[in-house]
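In the part that follows, the structures are each spelled out as structure tokens.
One chain, subunit A, links the two complexes that follow: it is found with subunit B in the first and with subunit C in the second.
Let's turn to the complex of A and B:
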């Protein structure tokens, strides 16, 4: 992020089949760090089974933004910092 | 006075007679019971498991006449895979060491048909404790078994049809929730909903609770979990059909529905969905 003029990070987790609390924390921390550097992190491609595991374990990934596909994640990044949801 | 004494003597003697007459016929009664019993197969096995005695009930249930089965090993009542696994010997072993062995399972009749049997094997020992054989009582519970299987199947089917997920717009899914939401149903619905979101690439899921009579803490918790999972996938859930009564309960329960967007009607929720879509997919939906 430092070397490139990136506005944000898209984390594609579509190949992740299972997730534990450590991984969840790592993602949350990464998001916070990217945020401190002025960028946005968008999580994409999470599998249903992984999402179910996360909710059942009661894990939180913080206030992270999510998108169904990498494509949509780019759209969100391109539209800038404008909040997409929840502020209606 | 004398009459009463006489009466009591008479009574006592007649009672005594009845008892002794009963004692004499007890064995006979038991024989009659075993011979007339049609609903239970009552079989005596020798210590090796060969049939030593066979009542009419056994013939009704298993189909063999007593002259064709006496002397045969009782393992022929078991399906071949059970025999290979050593089930018949196991039953005798358990009965020998523990006195009895109870089991339920598919057994085979003479004509090869299967029936669901509930059975008990009891070790028969004489006064010195020597093993003389085994008593096996079997009952045909096929009808009950079939009814149970049917009930399970129907319950599963009801579960399937009670949690539909419908695509109502390009990018909008709707799940009409009806009846009480327990953990099992929520789990099922959540799986179905998440799969559909990925499949149809839908950004919004409307969870309509118009058909839910009451909401308790658990249900609210389930709904919160569901919306979190939906959000993790990159979509958003909107709770619609929140009637005054349900709103009241939710407020009273103090359940943290967090960031869930809620609307009182499905129509209002749909407006939210379209709004969200046009915000997210600017180029795609802007022209529509």
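Let's turn to the complex of A and C:
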């Protein structure tokens, strides 16, 4: 974020087979830091089994912006001349 | 490869949590659980193993196949000799934590599994047993 004029960070979790509350916290903290530096974080590629599991676990990741694929995330960041609207 | 049951993983360092996840994953797949249940079991194991590491420092995770009438399942026993859980009822409430976690570990693990049993004694340690039964045939 500091070294390049980046608009945001895309966190691709498509290779992640399981996501626990500790990992979720790391994602949430990263998102907050990127946000403080003026960027948006988009989480992409979450597997259905992971989405089902973390929902049941009680994780909301409520303020997290998400996209189905990395391509879509780049699209959102590129066209997001108006700030990306975060949920909640 | 049934002879590799029960499996036991010692938890001493943070990277042992990864070993737990891996060995539980293999056991769940071997037993024929579907991908979502495999993910649920790995995640529950990860939460419980993380608790051992955070609160007790070290412990052990045992994983074995269990059966009842017409069903088979996977049982995980997570045991430590840490400080114990002072108030189990409170520890089971989402959002309650005595550390600086999210407070989702125990209640979350219970929701992800079919059965959960907690034995804990102050100053002696904690033993948590969770089970997941395989659905269908």
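The criterion applied here is as follows: the second predicted complex is superposed on the first by the 79 of 88 C-alpha atoms of A that agree within 3 Å, B and C clash if a C-alpha of one lies under 4 Å from a C-alpha of the other, contacts with A are read in each partner's own complex, and residues count from 1 in each chain.
Going forward, contacts are C-beta pairs under 8 Å (C-beta built on N, C-alpha and C of every residue); 3 or more make two chains touch, one makes a residue touch a chain.
What you are looking at is a predicted structure, and each value in this text was computed from that prediction instead of being measured.
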item: Combined model on subunit A where subunit B meets subunit C, clash or fit; value: fit
item: Subunit B versus subunit C as contact partner of A:27, first or second or both or neither; value: neither
item: First, second, both or neither for A:48, with subunit B first and subunit C second; value: both
item: First (subunit B), second (subunit C), both or neither touched by A:56; value: both
item: Dominant toucher of subunit A (residue count), subunit B or subunit C; value: B
item: Inter-centroid angle subunit B-subunit A-subunit C after superposition on A [Cα, multiple of 10°]; value: 40
item: Subunit B versus subunit C as contact partner of A:67, first or second or both or neither; value: first
item: Touched partner set for A:11, first subunit B, second subunit C, both or neither; value: neither
item: First, second, both or neither for A:75, with subunit B first and subunit C second; value: first
item: Smallest separation of CA atoms, subunit C relative to subunit B, angstrom; value: 8
item: Common interface positions of subunit A, toward subunit B and toward subunit C; value: 47-48, 50, 52, 54, 56
item: Interface residues, subunit C side, partner subunit A - complex; value: 21, 25, 35-36, 38-40, 42-43, 46-47, 50, 94, 101-102, 104-105, 107-109, 111-112
item: Subunit B-touching residues of subunit A, taken from the complex the two chains share; value: 43-48, 50-52, 54-56, 61, 66-69, 72-73, 75-76, 79, 84-86, 88
item: Residue ranges of subunit A in contact with subunit C within the complex; value: 17-22, 24-25, 47-50, 52-54, 56-59
item: Sites on subunit B touched by subunit A in the complex; value: 190-191, 194-195, 197-198, 201-203, 225-226, 228-236, 259, 261, 272, 275-276, 279-282
